[in-house]
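Just so it is clear, A, B, C and D label the chains in written order, and each chain counts residues from 1 on its own.
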Amino acid sequence: MTVTAPNPASATEAPKTGGSRLVDRVFKMRELAILIVFLVMIAVTQAGNSEFLSQQGIKDLLLNATILVLVATGQSLVVITRNVDLSVGSTLGITAFAAGTYLHGGGNPAVAIVLAVLLGVAFGLLNGLLVSLGQVPALVVTLGTLYIIRGIDSIWVGSRQITAADLPGSFVDFGSGGVWAVPYLALIALVVLVGTAYCLKNFSSGRELYALGSNPEAARLAGIPVRKRILAAYTFCGALAGLAGALYLARFGNVDSGTGNGYELTVVSAVVVGGVVFTGGSGSVYGAALGALLLTSINSVLPALGVSSVWVLAINGILLLLAIAVDRIVALRVASALKKRNARHA
Amino acid sequence: MPESLTRAVRWDTVVGALLIVVLLFSFGFVDGFGNALNLSFLIGNTLPIALIALPMTLLVVSGEIDLSVASTAGLSGAVMGALWNQGMAIETIIPLCLVLGAVCGLVNGLLVTRLGLPSLAVTIGTLAAYRGIAQIVLGSDAVTDFPSQYLDFAAGRVGDSFLPQAFLPFLVLLVLAVVALHATPFGRSLFAIGAGEEAARFAGIRVKRNKLILFTATGFMSALTGVFWALHYASARYDNATGLELSVVASVLLGGIDFDGGKGTLGGAIAGVFLLGTLQNVMSLLNVSAQSQIVVTGVLLVVSVLGPRAARQIAVARAGRRAAAARTPTATP
Amino acid sequence: GTTKKDVQNEGGAAATAGKADPNAATKKGLTVGFLPKQVNNPYFTTADNGGKKALQELGETYKEVGPSSATDTSGQVSYVNTLTQQQADAMAVSAQDPGALCTALKQAMKNGIKVVTYDSDTKPDCRNAFVSQASAEDLGRTEVQLLAQQIGYKGEIAILSAAQTATNQNTWIGYMKEELKDPKYKDIKLVKIAYGNDDAQTSFQQTQGLLQQYPNLKGIISPTTVGIKAAAQYLSGSKYKGKVKLTGLGTPNDMRKYVKNGTVEAFELWDPAKLGELAARTAVALASGQITGKEGETFKAGAMGSYTIGKDGVINLGKPTVFDAKNIDRFTF
Amino acid sequence: MTHPSDTGPAPVLALKDISKSFGAVRALRNVSLELFPGEVHALAGENGAGKSTLIKTLAGVHRPDAGQVLLDGEPVVFHGPKDARDAGIAVIYQEPTLFPDLSIAENIFMGRRPRRALGRIDHRATREATAGLMRRLGVDLDPDRPARGLSIADQQIVEIAKALSFDARVLIMDEPTAALTGSEVARLFGVVRTLRDQGAAVLFISHRLEEIFEICRRVTTLRDGAWIASELLDGMTEDDLVRRMVGRDLDELYPKQDVTPGEVALRVRRLTREGVFTDVSFEVRRGEIVGLAGLVGAGRTEVARAVFGIDRWDAGEVEVDGRKLTNGAPSTAMAAGLALVPEDRRAQGLVMDMSIERNIGLTGLRTTVKAGLMNRGAERSRSLDWAVKLQVKYARIADAVSTLSGGNQQKVVLAKWLATGPKVLIVDEPTRGIDVGTKAEVHRLLSHLAADGVAVLMISSDLPEVLGMADRVLVMHEGRLTAEIPRSDATEETVMAAATGRAA
């Protein structure tokens, strides 16, 4: 890599060298691989069942993905900082019920959504404070809060449930309505997603999340406010879980004490499939969103192809393995190509 | 953080002490706790978690995790049921199931070591895949008619004592695991791998092979648990032991095993397992609702990580004050 | 080795013993424990509250324990053990698994505790009596009849069930298939049975899948309260609303909105409160020695009238109620 | 505390009577230091003397237990590295602190990147500024390349670029040259001189005394955490400085004993790893020390890794004592009597959270075994033995190696490998970050080992060390062996010529 003779010309043009383009491509490719798997899957399904991509079909696909996309977006921020939030499922459940109770009492839908988000923020803050101030392993703490929030939820909710009948019609219609085949909920998720991705790329605080996930000790030495950033990531994650809770209510019109149970594994799967690395520092929210889209679509594709539901779980698992394995193999190939190129260069 | 101070407040000993306190309290003040029947139930219901916690502890010490354990247990139970329905002899079926479990573990291990994939991601995948295969194998059947001598062994007690018969084999396995982790070069190398994988490789430790062994052992033990589960509850269904992985992980964490790898003791992990099991039993006897039990579990987990840290900070502060007071020169060997 | 054949020759043990005294006085102050599949489940809460009311009327003590997850079989087993330890006089159990609870339930019966199953049965020798929500045959056949009327005895239909292992669902589906063999249904074709695992989201996606795979689908039967609710919610927000008919088992509170907005014409259910009440009264009758669980025994269940025990200790609650736009507002559960 | 004060300008940054303890270890005791603008100040001391701790105190990483930090004569309290940075202090830490997932440009400008409207990052400006810095340092590193996979030397370059980018009033450098070769050091010094002439105060740490004499004007010496002297370097000799550091006179620096080489112990034939090194063949005999020289990135480390089995080779073969080694199997290499002291001690040499005892014990897992179980007594005595032999400075053998100073950590790595009693010892940068006293000991040790019949292959970027120690010098250039120079012919000129590819 390092040559002793100065070479100003090549240094100025560095941004345009083959190396950087290749690197760029590698990073784009990680998401591209998932996108291709997704498109192939959709194409195959469409070939097998022409109803699949009808207006209703597209709408269903998008709606199914919406909630997971939101939660996965928040989760990937936390994972990028080398942490994890397992309590998102519990948060989603309790915020959905809170919003439902409020609406049941004749509340305003917009206020209900804000309420859910605020409640999510509160739980996110709790997680963030425990992790960043206590400086304890996130996995344990958020597994703990997963249980705590779920327990509080079950004690509070008991056997009550919110059904569509308890909700204002406008709210339920909002949950299933949309512009042509694009549901309102999906639009919300898209806005959140694009906004988050933009901030991550273009604001210092966003890049600092990557930095502190990449090397926490170095982040401290570089003067990055580590605790503040981790707190912010958890809070954002909680907020999105809350928003997802409200949208869950709108979408399914049905919430009880079991809502969101076991959701953490799905979210973590989506994030991992989307190429966000668990040891922190790399990955993108677009990847996580694609991962979410892929996972939820598998669940629509298999029934649409008439695959017996007995097979669904196994196929789901194997596809997940395939996705991460293919991603890894591509990454390895590219890395070795990069290395050889470097060697020739040196 | 100096290691000497870290070790001064060892969480695993705290968990052990806590377990003893809870047991003493329960024997003294909780109706129906101390009799042989209840104790045998308590131990019998905790055994599956304890069985899987043994290899899981070793795995976590080496810096990996296996979330597919419950699915492997479910799969081995399902296969056991399906083969039994085919009319195969149980003496053949059980070894087959154990081998199958080992193969499941091996698959996890190969994906992790050969492709270098994160074990969390791999085993979330096989968590779904193995459970799915179990569903394909056994479908909606529930097989219950296993031979009674096997069922009796899995559910029975040693004479009239509180010890389930299955506890004795577990003790043997426990001793094996403790020796393997804490007294053999293999165990020592696991700690090294967990704390610094690259350095371990440079020290000539066969990192991949060791991890492969661990994953395979975990699969084997999960299958053993699956067989035990099906016999203990006299029911082989594809969804046996669903969600057991979280209980195992929670117990092991409670026992002070660090998920970053390289730290922890088996004693702590097993104390964690039985502490959670005992608490649940006691809370049920005291009519604490299932919901409140969940909250207690969660609070325990949070305390289990915050507690040692707070204690350590206090210890450090105290040591600092002592050092400031007594200005002795640095010790050298 | 030991194979399935050897075991079949062993023969099962009888559960019930002793002699019934129909005129024995109803004992007071008995403790009856309700153990639903899942606490916090609205359906079971309604049922258990029915039991609670009856018990209070009779001067007995009611208590409810149970796991917080409907698939936590080992949790349910330990609650059976808890009730045994607490020396309840009788327990009413809705079994998550027909086999898994057997050891524990037999243990309970050995300790003199009367065991009634309700809603979901175990193997007959593991309990004294089973209170069935309606005869399985009635339920299966009437659901087909309901849907057939709605779609004019013509077209493709599908079933959206709960978990593949759900015993009661599978029995009902068996009778649905029986009923469909009748020549009057010759133009109806059952194209698929999908499983939504009693999970709102899965049921939702399974419904979508059914509609995409079978564009000519005319009707769906969902014999589970979770499934029918999810299917109704999907249909009401899709272009299929009113075109694809939906029926099955649901609660009036859940379904009110969909009946009113035209998504669902009619569905049915028994009254869960009545189911709980009958379970409670059966438990008390057993504990008072008025019945033992043998076929042909008769007992009085307060205002509900007199019930006779059928084959295998099964007691049928009666015919289910059909709900439609005209009568739904009269029910609130 | 009394120490010489200049009549020149007032100090920009000063420490007064600073003390700092870690638990029972008292790393600094009443240390004072003054940094003047336009002057390069050296900090000297043995390993573990407290140099890095002092720097971390200046940089706001550690809070002193007692004493004051004075900025422009005013007492200040730095609550974190950010406070120090805002006060115009730039620091290069001893261990690189890079973000492996981020690009070089981002690494350099993390936390203070050029902005556009609304606080958005200006990616283009960042990249261009980075390219400018690289030009100033005369290296060709792609600003967009992620930091992961950079060699130690390149990491150090990025660290230097980062510190330069601050345009700081005070520049603090903790062993910046440890991983660099001559030409890079020369270039770095050029940049440092420019900064100094522009009025910056520079604090410089190095265990290479000639570097201190080359660039510094004043030196402060520490011993065992205590301040010894602050004085002008003018008129001092290396021996004076060493005496201040060590407290006694030192033996000869490169005590190479003459031995007659025995039979071949390590034979490498036509070893090739595609894209990394090609057709490397050499032999090392018993009793011989062979130096492997080359510029940074020449592929020396890669050859060592492949020989030891960390990486697989694509073609060729390796023999130890006539036994062919399996490709990619360190355990068989060890069994054959091969030992490798790797260049990156933190990642490769040590398990940082493990105790000194266990780290040394790690290479003895096969030998300290009784009936398949660990023999703890044997393990402890083996570890203690070697820790004492190499004079590792520690409080308790059960302490984590992460609490040791850099040089002492390096000694633990050496101890760990010498304890295996190797036939062939490959050492990769064995004295990087080691103080002069220990360096002499390491050299004596290597020399004794060779005399006892061990074959030693020594990779080093420290040319005087290679010339002083080696019986023969192999030189690599761009992945190929370009020269083999016997001790008698080896000079800086011949070796450098081969290393830069100028020799035919």
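One rule holds in what follows: a contact is a pair of C-beta atoms (placed from the backbone, for glycine too) under 8 Å apart; a residue touches a chain by one contact, two chains touch by 3 or more.
It should be emphasised that the depicted structure is a prediction, and the values quoted were computed from it without experimental measurement.
Chemist: If we look at chain A and chain D, which chains touch each of them?
Modeler: Expected: B.
Chemist: Could you tell me which chain lies farthest from chain A when each chain's centre is the average position of its Cα atoms?
Modeler: D
Chemist: When the centre of a chain is set as the mean of its C-alpha atoms, what distance in Å lies between chain A and chain B?
Modeler: That pair's centroid distance is 30 Å.
Chemist: Between chain A and chain C, what distance separates the C-alpha centroids? Give it in angstrom.
Modeler: 38
Chemist: Chain B to chain C: how many Å between their CA centres?
Modeler: 36
Chemist: As a quick test, compute the distance in whole Å between the mean CA positions of chain B and chain D.
Modeler: It comes to 43 Å between the two C-alpha centres.
Chemist: By the touch rule stated above, which residues of chain B touch at least two different other chains?
Modeler: In chain B, residues 135, 139, 243, 289-291, 294 touch at least two other chains, as defined above.
Chemist: Quick one: which residues in chain A touch 2 or more of the other chains?
Modeler: 154, 310, in rising order.
Chemist: So which stretches of chain D touch two or more other chains?
Modeler: Chain D, residues with two or more chain partners: not present.
Chemist: Chain pairs in touch?
Modeler: The set of touching chain pairs is A-B, A-C, A-D, B-C, B-D.
Chemist: Please output the residues of chain C touching chain A within their complex, sorted ascending.
Modeler: Against chain A, chain C makes touches at 38-42, 44-46, 68-69, 164, 192, 194-195, 200-202, 204-206, 208-213, 215, 229-230, 233, 236-240, 253-254, 256-258.
Chemist: Would you tell me which residues of chain D are touching chain B in their complex?
Modeler: 21-26, 65, 224-225, 310, 330-331, 333-334, 340, 342, 347-355, 358, 361-363, 365-366, 369, 372-374, 384, 387-388, 392-400, 403, 416
Chemist: Could you list, by residue number, the parts of chain D that touch chain A in their complex?
Modeler: On the chain D side, the touching residues are 59, 61, 80-82, 85, 91, 93, 97-102, 106, 110-113, 115, 119-121, 127-128, 131, 134-135, 138-146, 149-151, 153-154, 157, 183-184, 274-276, 295-297, 478-479, 500.
Chemist: For the complex, give me every residue of chain B touching chain D.
Modeler: Checking each residue of chain B against chain D gives 2-5, 179, 183-185, 187-189, 191-192, 195-196, 198-206, 262-263, 316, 319-320, 323-324, 327, 329-333.
Chemist: How about chain C: which of its residues touch chain B in the complex?
Modeler: 1-8, 10, 39-40, 63, 65-69, 71-75, 77-79, 81-82, 84-87, 97-104, 107, 123, 163-167, 170
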